[in-house]
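The next block holds one structure in the form of structure tokens; read it before the comments.
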Amino acid sequence: MSESLLLLPVRGVVVFLVALLSQIPLLYGLLKISAHQMDRLGPMYPGRFHGIGQPIAEFVKWIQKEDIVPRTADAPVFRLAPLVALLPAFGVFAVIPVAPGLVGAESELALLFVLALSAVGAIAVVMAAYASQSKFTLVGGLRAVGQIIAYELPLVLGAISIAMLAGTLSLTEIVEAQAIPYALWPFPFGAIAFLLFVLSCFAEVLWPPFDMPVAESEIIAGPYTEYSGMRFIFFYMSEFAHVIALSAVGTLLFLGGWRGPILPPVIWFVLKVSAFVVFFIWARFTLPRLREDQLQKFAWKLLIPLGLVNVLGIAVFKVLT
Amino acid sequence: MSPSAPSAAGKTSLTEAESELRILLGDALLDATEDHGQLIARVPPDRRPETLALLKALGFTFYSFCFGVDWPDENRFEVVDHVYSPEDQARVTVKCDVPRDNPRVPTVINVYAGADWHERETWELFGIVFAGHPRLRKLLLPDWQEGFPMRKDYVLRARVEKPWPGEFFSG
Amino acid sequence: MKAPNRVTDDSAIREVEERQRRRFKLPAFGIFESMKVTLRTMLSKAVTVQYPEERIELPERTRGVIALLEENCTVCMLCSKDCPCWCIYIEGHKVQKPGKRKPVNELDRFAIDYGLCMYCGICVEVCPFDALHWSPYFEYNSYTYEGMIHESDVLQEWQHHVLPPPPLVADADPKAQELQQVAHDKRLDGVWGVIREQDKKDAYRAAETAAAAGLAPPTAGVSSDTLPEEAPASSAVQAPAAPEPATAAEAAAPQAAEPATTPSDTERVSTPAPAAPAADLGDIPRIDPNNLPDGIGPVERGRLKKLAEFQHRGEAPPTDPVDLLAVLKPILDQMRG
Amino acid sequence: MATDLETKGYITAITERDMATGDMVLNIGPQHPSTHGVLRVVARLDGEQVISAEPVLGYMHRAFEKLAEQRSPMQNTALFNRLDWVSGFCNEVPYCIACEKLAGIEVPKRAQVQRVILFELTRLASHAMFCGIYGLELGALTPPMYGYRDREYALDLLEMCTGQRMHTNWARIGGVKEDFPEGFYERIPPILEYYRTRIEQWLEFLIDNDIFVKRTRGIGVLPVDVALDYGVSGPNLRASGIAVDARKEEEYLGYMDYEFEVPVGNRGDCFDRYVQRVREMWESCNIIEQALDDLPPGAINTGVGRTFKVPAGEIYIRADGPRGENGYYLISTGAKEPYRLKIRTGSFSNVSVLPYLLKDTYLPDIVAILGSLDFVVGDIDR
């Protein structure tokens, strides 16, 4: 017991570093994939080789910028909001198992923890939107809250379906429970849950086609309009951390986690998460965005009923088998 | 003189429009000439809405634009409206003269909703007041702008502030 | 209001609707159509040209910057008069020259304010004496407003970048074609330094000193013979139409070109000398920017031109971020062999 | 109240009214990602719903009509490139035609055909850009890059011929400046072929996309009579279902000789306006092909010099540019400079219909509608 207590800070630091450093490949992939699908090359100069140093350069650029707090803003809330966004997003990393036994904090309720923390982001958005005292942030904040509430439900329903199928909330056990070969849940329950999960992920991280809260062609940057410098990239970092965390959870829930032939588990895990992330980026830069009311209709009239039916179906399925 | 005559459809309908206008407006139609494929009708300023309403009823439904012309020598402004008939492919220009010291002409935004901005533009550039226009505010110019830039006596400052470099050197 | 009685053909919209009906077998299926398009693009080669080290070749007519040929300017002020932006400043004075009846104008100052210039080309068009030319050069920006006012020395320097006007299409007016050909040849003879009076003098003096020093003229004779042959056969067309210094210079230049270090030689990069003068980059063959070898891509062409520029200046080309010499090595080898 | 409005600035008045009602006034622009420059839209919002919206212009007013009164025809063509910089060549041609018609100059056929080729290439470039940019308005980040890329092919041709990509200044009174350079003909057919494949791609990329259809179908419906009333022209008017096209109606540039269709829409919503432009690109390709086929030999200019004076008279010449009816009402008193030149631009009238279109829509629709009108702020403000 004392040993694990001693290791706690070490584990914390490692988790933090993983969360922080994983943003570098994500940002680089984002820049490069988006560039190539736009028929561009993307960054080419920093770091000599194909702009490999661009994420670092971006970071340095942003922290150099002046940190502006608008005069009319509610300063303490305004300053606090980025941290409230960032910390839960990083916290999710603590319970994600990368390989058997390789996890920040093994928990029986890991899935619940993930879902709970990802909802905290909504509070940060509201704080930012309210504290900025700007009309664009107000519209963006209202949209964001509506959206996160609407899409938290399908996300939970998708995850709960899997938890029910696996009979556990522990991510490690969910991976173990997935049938051979590596990723198979009974049809159609798994497929529906997957669909719900993926769609809600887009909405959770505010990426197109569900990026109305930050729709740059309508309301500049939504809740983040008034932010600059360090605080602005905190939001972005939390967004990226969210993307990675949700991709990792998606991998664990649906793609069989670290399981795979020949290659070591960690490699498999990273590969699968990367595939998830690449798909996210690809769709993000391709699709136009829906309108706010269409998005709400989509969630409440289609996804949530679908999720409920799915959960019901799984319950019946579980009883029968 | 014009090398390109308007299309046959336009020609007949222009004459038709002219005769119609003559019948309906009577003496108010001061002058009607056909020039370069368009009918130029001159009416007194107070008959402007009526004329345009007639033209609209005759099928000239496309409101092209309205603008002013400054003739300081003759002490008058011209208000020119241009309408187009998509059916007959004919164009009619309606002109009315307003005195330069009291330029007032009734608005036509009740006839053509699109005249709104064009009249505002003419108002701010020439100072021609369109009586009855509900939103006669600056459109293109800033609020602090004084004077009416398109009048001939308004000097284009870009051509005054700096000496012309094209002046041939002496000596 | 009458309804428009024109025949309306909305088949375009109908087609699209029909297409949608055909395609949308599943709801939201069209999204994958979009994603297919981006995926295809992602896997194909990007169209980006990495500007500072890769350059596309600009067309000859590109209006990049206005170059001045001071010798041709008669200070007639037409350009300055017709400039819509009033951005050309000319100063001059009258001089009575011996042997001339009337006093002649002499140019004191010719400056163009590129902060005002709108690149309309009117000055070049109205110039009756061909003193102004467009060149595709475009890298003359400045951080200050004053820096955008370029005086005649800089304008003159840009003559090096002027390209010969392109020949016209085959079915163009024959007269226009002929004129264009004349202009083309005139320019081709002196793109990299139009031959001016001063050059002629320099060349003449250099030839004289060379003769006095007893340098062997016969080898010079051989190489001077090769010069006109390598250049496109143009002097025939040029001779009647260009009574300007160019013809005289052409006669003077070949004799003068041999002493490898005369200023006129370094100017005349365009004439591909058989043996490269040792003034610059060692074993690189002379690159004639107007007569590049066939079958190379636009990027390589641009690079070759850039290299030619360095060669012209006698500087070593940069190796960072792209080593021009290394990249162009196959082409240079090919040109050599 | 009316006098209040007359004395006070417009915005002040609106704000005051709003203090009373409590609706939110959202200032979109003049510096905003989706207004293509410096257009400003003052929208009164009730939540996401737009109660009313009013464009505010003038941030880019450069007094072109005043400037033109001080300039000779040659200088004016260079100026008018800057009206609508996305389709520069289309702006200078009608002015040249106006001067030519007043002076009774017969333009050589070869020059006419060359003008048509360049005109339609400019239209291709402009529409190609629109097709991409409109994706950005709806939030897709990739299409604008495709739009810019595609446009560049047509602009390359323009640059090869005229020397500049956008501000061509190539049309002259009595013809064009110079003939095409060698190798110009060979470059056109592959590029037309490219554009045809692009059209197919836009169909796949956006028109087939459900989200795109959801965002544009039934949004910003513009009935024909309203469109005519406001003087909306060009693709925007045709998308509403009436085939008004100056190329078919006026005799200019010999457009009567070419066989092409004037496609029209049937609903007049944003989707139709998009399809309209995609379809017009196709027709432009056809026109260029035909023009290339019957390009007669001969002179390309009547050689009107720099001292050309426009004879007295008045004339209105309109042309169908990519943004709509682009016309010049020229009143000349026999001097070099026009006495009065009214510049009728497509965008000005097209944007004037915005208060009608934006009423009772949603906030995101503002952007969708603004984008679908395909305006250029320089063209609005002049």
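By letter and in written order, the chains are A, B, C and D; residue numbering begins at 1 in each of them.
One rule holds for everything that comes next: a residue touches a chain if its C-beta (ideal position, glycine included) is under 8 Å from a C-beta of that chain, and two chains touch if they have at least 3 such contacts.
Keep in mind the model is a prediction, meaning the values are calculated, not measured.
For chain B, the chain whose average C-alpha position is most distant is A. Put simply, the C-alpha centre of chain B and that of chain C have 48 angstrom between them. Rounded to a whole number, the gap between the C-alpha centres of chain B and chain D is 22 angstrom.
We define each chain's centre as the mean of its Cα atoms; on that basis chain A and chain C are separated by 54 Å. Mean C-alpha position of chain A lies 61 Å from that of chain B. Counting partner chains per residue, chain C has residues 1, 4, 6, 31, 34, 37-38, 41, 47, 82 touching two or more of them.
In chain A, the positions touching at least two other chains are 37-40, 285-287. Multi-chain contact residues of chain B (touching two or more other chains): 61, 86.
Interchain contacts give a graph that is no line, ring or star and is not complete, per the touch definition above. Pairwise chain contacts present here: A-C, A-D, B-C, B-D, C-D [touch as defined]. On chain D, the positions that touch chain A within their shared complex are 24-27, 32-34, 45, 47-48, 135-142, 145-146, 149, 206, 209, 211-212, 214-215, 362-367. Residues of chain A touching chain C in their complex: 33, 35-41, 44-45, 282-283, 285-287.
Against chain D, in their complex, chain A makes its touches with residues 34, 37-40, 135-136, 138-139, 142-143, 208-209, 211-212, 215-220, 284-294.
By the touch criterion stated above, chain B contacts chain C in their complex at residues 56-57, 59, 61, 86-87, 162, 164-169, 171.
Here chain D touches chain B in the complex through residues 2, 5-6, 9-10, 57-58, 61, 63, 65-67, 69-70, 101-102, 104, 106, 225-226, 228-233, 242, 244, 249-252, 313-316, 318, 325, 327, 329, 331, 339-340, 342, 344, 348-349, 352-353, 356, 381-382, going by the rule given at the top.
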